[in-house]
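You will see chain A twice below: alongside chain B first, and alongside chain C after that.
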Partner chain A sequence: MWRRYGDGVFAVLALTVFTCEAVVLGVLTASAVLRATGTSRPETAAAVVMMTLIITFISLTVVTAYVLAYHKMSERREQLHAERMQHWTTRWTKILLAGESQPNAYLPDEALDALLSLRDVLSGTEGVRIATLLRQYHVGSRLSHRLHSPKQLKRLEVLEALARARTPEAIPDLLVQLEDPEPRIRLLAARALARTIATLPPGSTRDAVAASLAGALERAALPVGVVEQVFLLLEDAAPRTLRILLDHDDLSPTLRRAALEAIGRLGLPGFDRDLAAAGGDLEPNIRAAGLRALGEVGHLPAQAAAGLRAGFADAVEFVRIQASRSGWLLGEAAIPLLWSALGDRSWWVRRAAGEALLRLDEPGRETLERAGREHHDRYAREMAAQTLRDAPAPEQVGGAA
Partner chain B sequence: MRILDAVLVGFQFFLVAYFAVLNVLYAFFGYLGLRSVMLYAREMSDAALKDLLERDFYKPVSVLVPAYNEEASIVASVRASLGLQHPAFEVIVVADGCTDATVDRLTEAFALTEVQLVYRRTLESAPIRRILRSLREPNLLVVDKDNGGKADALNAALNLASYPLVCAVDADSLLDGDALLRATRLFAEDDDVVALGGTVRPLNGSVMDGGSVAELRAPRRWIERFQVLEYTRAFFTGRAGWSRMGALLIISGAFGVFRRAAVMDVGGYRTDTVGEDMELVVRLHKQARLQGRKARVVMTPDPICRTEVPSDLRSLRRQRNRWQRGLWETLLMHNDMLFNRRFGRLGMIGVPYFWFFEGLAPIFEVLGYIAFGLSAATGALNPTLAIMFLLLAVLYGVLLSQLAVGIETLLLARYARMRDRLVLLAAAFLEFLGYRQLLSLERLRAMFQVRRKRGTWGEMKRTGVGVGSHLS
Partner chain C sequence: MLELALELEGHAVTTSRSVADGRRALAATTFDVILLDLGLGDGSGLDLLRYIRAELGCPTPVLILSGQRQRDTVRRAQELGAASYLMKPFSPNDVLGYVEKLAAG
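Moving on to the complex of A and B:
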């Protein structure tokens, strides 16, 4: 991890030094060329080198002085910061638990930082009280105001603080940040927004914000993993946001895939139609995400069964892997499909088929034993034997359950 | 005589221009590196990382550890790898035809037992003698195979890797506890990321405790201190800058994370080069461009890997010789990328930079010293000007080192003692008194050995990543 203070000054210093050096090195090169062509005198060249030397020496002295001073000062600063944080954490704890009087309207940075740290660790009644304190001190609006800073680094810091504060007052500003041209700002705004929405109580306000978020996500062009992250951070608000998104007819493949992945990861019921539709999608990533989600949710809607069966014969390897992995949902009807998948040309499909057979308990184990002996494909026989060797004994499974 | 004078004078002016362009580029990348550190410091806090971990937002990783005669350090190294904070990972150690007690040490420490494993042999490798699994650490696998070199060992490990990401780590290196979490986050967030390199820092001199670094200290030997500066400059300025430009061509063999499928698609590591780490990255870039796919190769200031650097001149010279040969082998294998617009910034900036400012640099540097001597002998040298220029080269070199050291002070885990910082400042001056010249000569020598010694590694004397020890 990195220190966040003093780097701006260092960057300005470095930029100044580099600019000066680039200029003097340019002059040096030009003077060398002029000297080589005989259009300048040796004294001029010597003067240019001397000037370059002096400027470089000054630059070096300034940079070295800064580095040494920063080293020394940062030690002291961190010690003071730790002491102040300790003081404020103790004070806030007393305010929350022992009802001590609150500080006046102005909160120093350490006080806010300590309060935000407590916000991260305390929930329940104390969590609600911290949220009230944050509202009383107008933390949301104070931080939101700083989002208008032209400095990207400052805005990133504010967005992180807002993610910790989770103050609903900041939601409109965060939605605006989701449309920022800088991807890092959009990423941090999306995280802060998701964490904030997750704290809202169920109801029309949360639904309205979820709808706004869904719309903003469509415009934000975030990578699929980031969108998935947002859904995970939304917690209880995720199903509503996912529903709104998936109801859009012209949803981008990236968002559709992220939504399906999130449904699987969160194990959300109620998306049967969407999971079934994914099986027939032209995009292999979406077909795979839908099949994976089926396995993770652990429920096979009737309309998705055909897609799951079709997945075993898909031309794309990773779709077949997901179909095989979720194949156990078909029950004993999956056994012929998994038997064939054990002989697939892909090692990963064979492995997934073996593991899916194990999930079918006794009939699956019997199939694996039979495949180990009788499967026409040598690799299928080896995989079946390997799967059984790696599998915990049935009594262990029972014991664990 | 006049012709010689003219050549010498002309070469002197060429050197001035070369020096100016190179240093402006260094400065430019230095600034980009600093900028990426500043952005990175604000993009992913510990709290945000914890947040994602609690929601199972991670990708599992196979840590691949090729080992050749590492009996001194292997147990501590594997223990450190097994202690990494990550919800799902496996460690695959490949004993590459070890002639010492590497496998015995592992067997004793981790209760290894031979297992029969079915795995896909997608990549060719030297024959595997046996596969051992730990009875104590379920996520540890040891492969005992015939000697085939580091690349061959990595290919064998890739065949056995069961997770979508693979992390190649040298056996003499230690990763920060959360290194995998930080590294894999980028893969989880962006499908286009195919490879990621972290920062590698010398471990020598640090106080160790239980396989992890208890306190960072500058090494005691100057040869190691010079390398601390080299690594600081290379990672905090050079590579971070190239990464920002989208033209990063090297991920250190000591620590790199890759998308397994992407590595398999390009055929794994090439075994006919000693620059297998750079060659793989170049091939990943190249194949993606040729197929019209997006492929991001990134370097982030975190995670950090600490590695043991050579502490004797002989090992250091062998290492640099190997690096230079690896560089040339890679550049020659992919010479079609040079000034090829099809490869974008890589072809127009990245590859040419490596040809002219990394590959050919030793020639210009050594020729510069020769020209200096000849000019002095023939009277074609203006002594005042020459001394001032030499002084300028030294000051500029020290300035770049100090800027890199300045970035290092921003690290929370930095050299804590002021004394160490002063030592590094002194080292920045002293490295010009023989150290740089010696390495330039070795690199020049390596250039003439590219064909003859293709794929040949030298051995390095290990102190050992000891537990509870003070290295060096």
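Moving on to the complex of A and C:
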């Protein structure tokens, strides 16, 4: 789409031009038929052809002029927008840093945009001041009001702005948006809600909102990657939300997988029971997510050890990859398992096993050296040698640490 | 915003919004400290950092400011010779503190 505004004018112009063209083509066709049947004179047919050419020429000229004028006006409009943004950014910065007085009047859109941009960039005292300014100017309710727009694009823009504003007063409206039939609206609402919850102080209010988000996520049917991103955006509120979700007995596989992935990405302790349970899940994606999370958290709960061992023999390749990757958690007891995994039919499993052996330091390196010479599988010998070649020398590792 | 914050503290600031502008500014002037955003109009700030260190051989301390939290990006910046890496959101006071510390050597 080359147009970002002016839909009405463009629709009228297109309708007029196409109507004119349809009419003249109709007249031209009728004239040709009449001429072919000998019921009209050659002069009349020539006049109709001429009229058609003139109207087509005018139509094309009008459309071309519109496109050129639109681009010219857009350029000017964007320039003015950038100038106003610059003006407001400077003004807000002076208010925040030099104690200048703040505007009393209703904020124009550029003032709001500039303030939201600063909200994204600034933390500390200035971040708190911006949150106060957003409250003073009722930005949350102003944006929430726009969520009722019939235009989906407008609603998406408002949700983006709410994600930047992170104003608690928008939470009820964001929860409503999470029930919207349009997936893109649910996606942006979930992101905005997560970012807003992340700014709430710990306590019962935050817990209650986190519980509402957990419930809404169950109904929202969002893709696993989106849900994982939502958990990451929750920052300090993530453990509580994940706890609430994982305590649901009938949690969907998508949400369980996203929750396990987030536990790993955030390196969250305190989910031993959930990570152990994932090892025995019927869904391979959940088994893999649980095994990966174990490695990322870097702690092997006693009840998860059996699942990790079982993962090495899993029928699904990506589960074996994650088991091999996290295998180092078993300590030297992992060496026989990783030795076998070096001979797996999957290159990725062999590679993960090689890297896990490296994490076992000296015993792991010795195993790799031995595997390079003695492993019965040719591909295992090659992988062991390649892993050692690619690995930094032990003294380099020590130096970096 | 940072330009104004630094000027309010009495620093002289030159701003470049692209890698090309940055190269021109570096060729024309010597700076005490370079603040580098990774998202520049025509490329990555890491490209400019590589140019500063490898091609210009310029030892000026470089403070990276970025919203990118990936460990790889931070490691890459450090390998290329960034003095420090500050993630957004940040406090202007933190930036000013870094700038003064880096300028003092």
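A few notes on this one:
Here, the second predicted complex is superposed on the first by the 337 of 401 C-alpha atoms of A that agree within 3 Å, B and C clash if a C-alpha of one lies under 4 Å from a C-alpha of the other, contacts with A are read in each partner's own complex, and residues count from 1 in each chain.
Here is the rule we go by: contacts are C-beta pairs under 8 Å (C-beta built on N, C-alpha and C of every residue); 3 or more make two chains touch, one makes a residue touch a chain.
These numbers were taken from a predicted model, which means no experiment stands behind them.
Of the two partner chains placed by superposition, only chain B is touched by A:D7; chain C is not. Taking chain A as the reference, the larger set of touched residues comes from B, when chain B and chain C are compared.
Touch criterion not met for A:A313: it reaches neither chain B nor chain C. Looking at the shared chain after the overlay, A:S123 reaches chain C, while chain B stays out of its contact range.
Judged by the touch definition given at the top, the superposed model places A:L80 against neither chain B nor chain C. Contact with chain C, but none with chain B, is seen for A:T93 once the two complexes are overlaid on the shared chain.
Contacts of chain A with chain B, set against its contacts with chain C after fitting on chain A, overlap at residues 120.
Against chain C, the residues of chain A that register as touching in their complex are 89-90, 92-94, 97-98, 118, 120-127. Across the complex, chain C meets chain A through its residues 1, 4-5, 8, 67, 88-94. Contact residues on chain B toward chain A in their complex (touch as defined above): 9-10, 12-13, 16-17, 19-21, 23-24, 27-28, 30-31, 34-35, 37-43, 45-48, 51-52, 55-57, 116-120, 122, 187-192, 301-302, 382, 384-385, 388-389, 391-392, 395-396, 398-399, 402-403, 405-407, 409-413, 418, 421-422, 425.
The touching residues of chain A, when paired with chain B in their complex, are 1-4, 6-8, 10-11, 14-15, 17-18, 21-22, 25-26, 28-29, 32-33, 35-36, 42, 45-46, 49-50, 52-53, 56-57, 59-60, 63-64, 66-68, 70-72, 74, 120, 152-153, 156-157, 160, 163-164, 184, 187-188, 191, 195, 223-226, 228-229, 232-233, 265, 347, 379, 382-383, 385-386, 389.
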